[in-house]
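Look at the two complexes coming up: subunit A is in both, with subunit B in one and subunit C in the other.
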Partner chain A sequence: MSVRDDLAERVGVDLEAVDPLRVALYATLVGLVAFYLSPLESGLMTALKTEAEFATSPPFVPPTVEGFTLEPFGVAIDTLSSAILNSIMLAVPATVLSALFGSFAAYGLTNFEWRGQLGVVALFIAGIFIPYQAVLIPLSRLWAIVDTQSLLAPVLDITVFSAQVPVLGTVELATHPHYASIINLIITHTAYGIPITTLLFRGYYKKLSTEMLEAARLDGAGAFTVYRRIVLPLSMPMFAVTLIYQFTQVWNDLLFALIIIPSGSGPAAVATIALNELTGGIIQTFNTQMAGAFVAALPTLLVYVLFGDKFAKGVAGGT
Partner chain B sequence: MADLTLDHVSKFFDDGGSKVVAVDDASVTIEDGEFLVLVGPSGCGKSTTLRMIAGLETVSEGEIRLGDDRMDNRPPRDRDIAMVFQSYALYPHMTVRGNMRFGLEESTDMADADIDELVEETSSMLGIADLLDRKPGELSGGQQQRVALGRAIVRDPEVFLMDEPLSNLDAKLRSQMRTELQRLQEDLGVTTVYVTHDQTEAMTMGDRIAILNDGELQQVATPLEAYHRPANRFVAGFIGEPSMNFFEMDVQGDELVGDAFSYELSAKSANAVEGSERVTLGIRPEDVEVIDDAAADHAYETTVDVVEPMGNENAVYLELGGERRFVATVGGMRRVEAGESVVARIPEDAVHLFDATTGETLQNRSLESADLDAPEANL
Partner chain C sequence: MSTHILKRLLDRLRDGGSPVRTDGGTAAAGSETAGGDSDLGSALSSLRESDAVRSAPFWLPPFLLMGFFVYGAISWNIVISLTDFGGLTLPTYDPSTFDLEMYRRAFSDGQFWIATRNTFVLLISFTGLSLAGGLGLAILVDRGIRFENWFRTVYLLPFSLSFVVTAVFWRWMYNFDSGLINAFLRGIGLDFVASKWLTGSIDTGALGAIPLVPDTFYFKLFAVIFALLWQFSGYAMVVYLAGLRAIPNDQYEAARVDGASILRMYRRVILPQLRASTVSAAVVLMVFALKAFDFLYVLFGSNPGPTADILSTMMYRQAFSANEWAYGSAIAVVLFVVALTVVAPYLYGEYRRGEL
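For the complex of A and B:
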């Protein structure tokens, strides 16, 4: 019995049956996983180290017992929490609104026939390709002219954001006049998101059975009822796609926030702005920066986890 | 309840500037409770006609009336019609119950309990009561088809419209549903317009059939009348399987002369073809007699090319003058071999004569019992 056979017997694998191509394949895959995960891993390890430990060990090595600390996360959460709240107040409405309006527009542009329809579709598609940079100056001029706070004053005092929480009653989340600029950001992101969401929904609505929509009309449903009772429930996978896409887009945006929020900072600052400011002055505190990055990325991760299965369905085009 | 009338209805489509006629001046009255089958080859305008009745297409010219009420300017929801689609068009996110309730919820102000009762009742009539809480995706084709029917029936409309509702079913289920649908329509007594391209469905299901070709209504008649007294060559060729045999022939006095053979006419037939130079002689396969006696009148020596055994009968493709010319059907037990020489007789009383240019019928076959449902008036 050769050494090789002996080894094979002991580990219970028939070495003859191992395909070298397969070994190469798995080795490559493991290599790719390591390649893509290493920055994340290094970031996480850095965030868990004291500054002294960070200075003495390579970034990807786990912290030692003495060098381990959760303090960077504490600092990051303290610094970012109000900005993250702002980001949520921005991203949730902007995402939902652009998905909803995109869905409306796509329904009107796809499931009805009217003169000049294709021209309007072309305008929507053109809207996707307008670069952010091209609209920065018009945008800042627009929001300098429009005084959202006074406009909304008769219906809503937006200097106070409050929420009804069970047991606790009305909880004031925050108060500051600068919250008008969050509304401005919501409107801007909604408008900027509508073309792409419309296009996504349009592709989806084209595949809806015409006969089914006709059957609903014959059953006595008007255009809006058909939308509410048939089209909307059937678009849930596509809503997952647009929600994830738009949420990530809005959450990660820095450019519009810098332009629209006065002096690009202050109490209305969103997470991306606050993260930018999470540098330790002259001394770079890499551990808090890394912790901040993780904290700021958490909500998008959460959205992916929540809508992931629907997202996969929507991308695959299933109903 | 009332008659459904199509009064000189036309439909034009605009195809890049040029006008395409989909339906050309169709007039027909469907009586209360009648089952009318619209049949024709694909693209003949039968679906367009149905969709105009439904209100899914506008009417370019003419009127559609239900009783004395003009319908063609009303939206679909105000026409009191229900339609069964080829794809069933069920709402995939709703249960069977939801699908059947939808129309009642949207078009009536019935109480929830009444709707439920009606849905339960209709579903047990169709044998789908135990499927009420399932979704369409979990049902077989035949079950989905029943749900689609149930969705239409539960609304108790004035008119049922059916657009090839059986064509997605397998052959066995299709013939079963054919009889069931017919029985259901008889029980409910609702005026029904049924579109199909399948002439078997047309023959077996309809009280009357309306044959369409190129957007023009060719004939509206009972199935037997359309079979035995076709209004023109198109109807004669479309109805019947295997199709009628046709021969293009020149009229020369009392004789028809064709490429392969000549055919002597009786005085009556000669009278009918008078004034035409070219006619088409038609004979149904089952009327071609395969005999031994070559001396009989209107008998021709032929060679058997192919035999298609169907069990109950054999379809025999015959060659005359070296070319495959026509089909004869003989009894299934009769032995006919390919290559064999046989005598085919074309009896004059079974012969149809059509004008070769217009296709109009000049003379139909004579029938011993002339008691077809409709009189010979419109021939």
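For the complex of A and C:
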């Protein structure tokens, strides 16, 4: 029996019968689709119009042949590309690190039994819900005191990211002292991501077969071996969910970037900051603003379109 | 060694004899699993005693990192709120000078009360409307429709966008001259409703736009809430959908056999069972409402004006625009307490139901 038949039976509707109620239902659903997509649709149409065109035509109407232009996207990509690169440099390590830490913590707090465990779990989970305003001033103080660049100087010169290219010799990929603040941002996002990733993994590890872990332990496998040989391989689906969810969270953040990246802009700006600056101008070039919004949102939109079901799972599990 | 473990594992699984230990399992239940071998049993119980130690390498490092940034920073923030740290000087932490001056200042600051009031208006109406919208969507999507996945994906789509992107889209949507909202209203002949939504003023035609002061209807704030509703109702839908799917089919069946109408079925049978979904969605939505800072900041900068100012924008303005660090910290503590009054009962409830 297919899922659909099952559902149909359960709500008592014959899917094949044409019935005014069903028609109304589908009309409502389609109307809602229009509501949810209209900002995106009219935004996209506007981004493809010249200034003269979008000032005179309704926002949702596609551009005419004369009014069509790709220039707004050109401007947006030019303005945002370095910020998008920064966001990738930020979001990828921060996401991977907080997922790993979350997995460790969840294993240590789920598949062992000891007194006081629930108290620690409560502290982890409460961390999900704190309003970030309550930590902003200490964060700005902390990263004013900690000089990441000098701390890392003995091992890594982060002012110069360079690569050896056979013909050209050493090529500097990026040079700017502000890259230290991206590392600060990675550490910050990793730390604040741990509560939610721990919660997601814990929900999953609770369902793991206790017998299986017990058996391995009886055979003398240490906690690390059990994690590496059994728990980690079994966690791969949950890693997918967590990585996808956390990636969008880090990518979409504005507040921490505002606080931690000095002067809020410059070469270390991330996508959200750069978009805010692109669109915050007094001159209202709405076509460029809309193009900018699409360019800055593209990675999360792609992740959502490709892995929508996993994203939804992360969302539902994050409650 | 690992192949040996796996072999034992497989043997154990094939036996299928060992009882499944539940969460509340004790050492006794554990030694049953050990197959009643007394040597093994005692070895196991001593191992179990050291579980706190053995698990520490896993949870302690993340706990320290998270604890430092979350609880360390909150404590630090509370300390700063007791000082008079401001301007460009560095803070001095001298316990003998600590006082509650900044809290007194907040409680006698008219702006603070306006921001607090707006915070609660936003919190309650945004959460209530998102829950209602999400429940409506979930019920529609759960009616055994075709292309269910597709509809669900579209409704949840805005949730994957950042506040910044949403704000940029909605600034355009609300634009007076060429935004979609006013274009739609004019299109259906409601020209007189077309407004400067984000400045909280209404267009009277001949007389031009008149600002709504005092803004008794929270005009501007509801323009914000409507946009947030667009972004978050899909989230509430996903949570409710999971709740609806957890209700056994025979309850629908029973209600149908009883001849209950669809409306009655939902009201009497289904809604009461969605309590847990409602609570968890409400808590998360409230937390998002408290974090709505990004959205307001992009739309209005750090000063949204008295009709849309909330505690988080006020805190940011005081600290990072006016350099009133201690005052900003005090407002942040108030915000933290508000969040705590929402979250603590929820976490306690989860703990009581053994779901932590």
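Simple rule for what comes next: the second predicted complex is superposed on the first by the 268 of 319 C-alpha atoms of A that agree within 3 Å, B and C clash if a C-alpha of one lies under 4 Å from a C-alpha of the other, contacts with A are read in each partner's own complex, and residues count from 1 in each chain.
Basically, a contact is a pair of C-beta atoms (placed from the backbone, for glycine too) under 8 Å apart; a residue touches a chain by one contact, two chains touch by 3 or more.
What you are looking at is a predicted structure, and each value in this text was computed from that prediction instead of being measured.
Enquirer: Let me test your reading of the model: by the given contact rule, A:285 touches which partner, first (subunit B), second (subunit C), both or neither?
Expert: After superposing on A, A:285 lies clear of both subunit B and subunit C.
Enquirer: Which chain makes contact with more of the residues of subunit A, subunit B or else subunit C?
Expert: Here the partner covering more residues of subunit A is C.
Enquirer: Does subunit B (first) or subunit C (second) touch A:69, or do both, or does neither?
Expert: Neither partner.
Enquirer: Does the superposition put A:50 against subunit B (first), subunit C (second), both, or neither?
Expert: Once the two structures are laid over each other on A, A:50 reaches no partner at all.
Enquirer: Is A:148 in contact with subunit B, with subunit C, with both, or with neither (first, second, both, neither)?
Expert: Neither subunit B nor subunit C is touched by A:148.
Enquirer: First (subunit B), second (subunit C), both or neither: which does A:126 touch?
Expert: Only subunit C; A:126 stays clear of subunit B.
Enquirer: Looking at A:234, would you say it contacts subunit B, subunit C, both, or neither? Reply first, second, both or neither.
Expert: The first partner, subunit B, only.
Enquirer: Which holds for A:211: it touches subunit B only (first), subunit C only (second), both, or neither?
Expert: both
Enquirer: With both complexes overlaid on chain A, does A:225 touch subunit B (first), subunit C (second), both or neither?
Expert: Both: A:225 reaches subunit B and subunit C.
Enquirer: Shared contact residues on subunit A, subunit B side and subunit C side combined as an intersection?
Expert: 211-212, 214-222, 225, 229, 319
Enquirer: Taking the touch rule as given, give the residues of subunit A at its contact with subunit C in the complex, in rising order.
Expert: Its residues touching subunit C are 4, 6-13, 15, 25-26, 28-29, 32-33, 35-40, 42-43, 46, 54-55, 58-60, 101-102, 104-105, 107-109, 111-118, 120-142, 188, 190-192, 194-195, 198, 206, 210-212, 214-225, 227, 229, 248, 251-255, 258-259, 272, 275-276, 279-280, 284, 286, 289-290, 292-293, 296-297, 300-301, 303-305, 308-309, 311-312, 315-316, 318-319.
Enquirer: So in the complex, the part of subunit A that touches subunit B is made up of which residues?
Expert: 209, 211-212, 214-222, 225, 229-230, 233-234, 319
Enquirer: For subunit C, which residues count as touching subunit A in their complex?
Expert: That would be residues 1-2, 4-5, 8-9, 12-13, 18, 20-21, 23, 25, 30, 33-34, 40, 44, 47-48, 51-52, 54-63, 65-74, 76-77, 80, 91, 137, 140-146, 149, 151-165, 168-173, 175, 177-180, 183, 187, 230, 234-235, 238-239, 242, 249, 252-253, 256, 280-281, 283-284, 287, 290-291, 293-294, 297-298, 301, 311-312, 315-316, 319-320, 325, 328-329, 331-333, 335-336, 338-339, 342-343, 347, 351, 356 of subunit C.
Enquirer: Show me the residue ranges of subunit B that touch subunit A in the complex, using the header's touch definition.
Expert: Per the touch definition, subunit B meets subunit A at residues 54-56, 75-77, 81-83, 85-87, 89-93, 102-103, 106-108, 151, 155.
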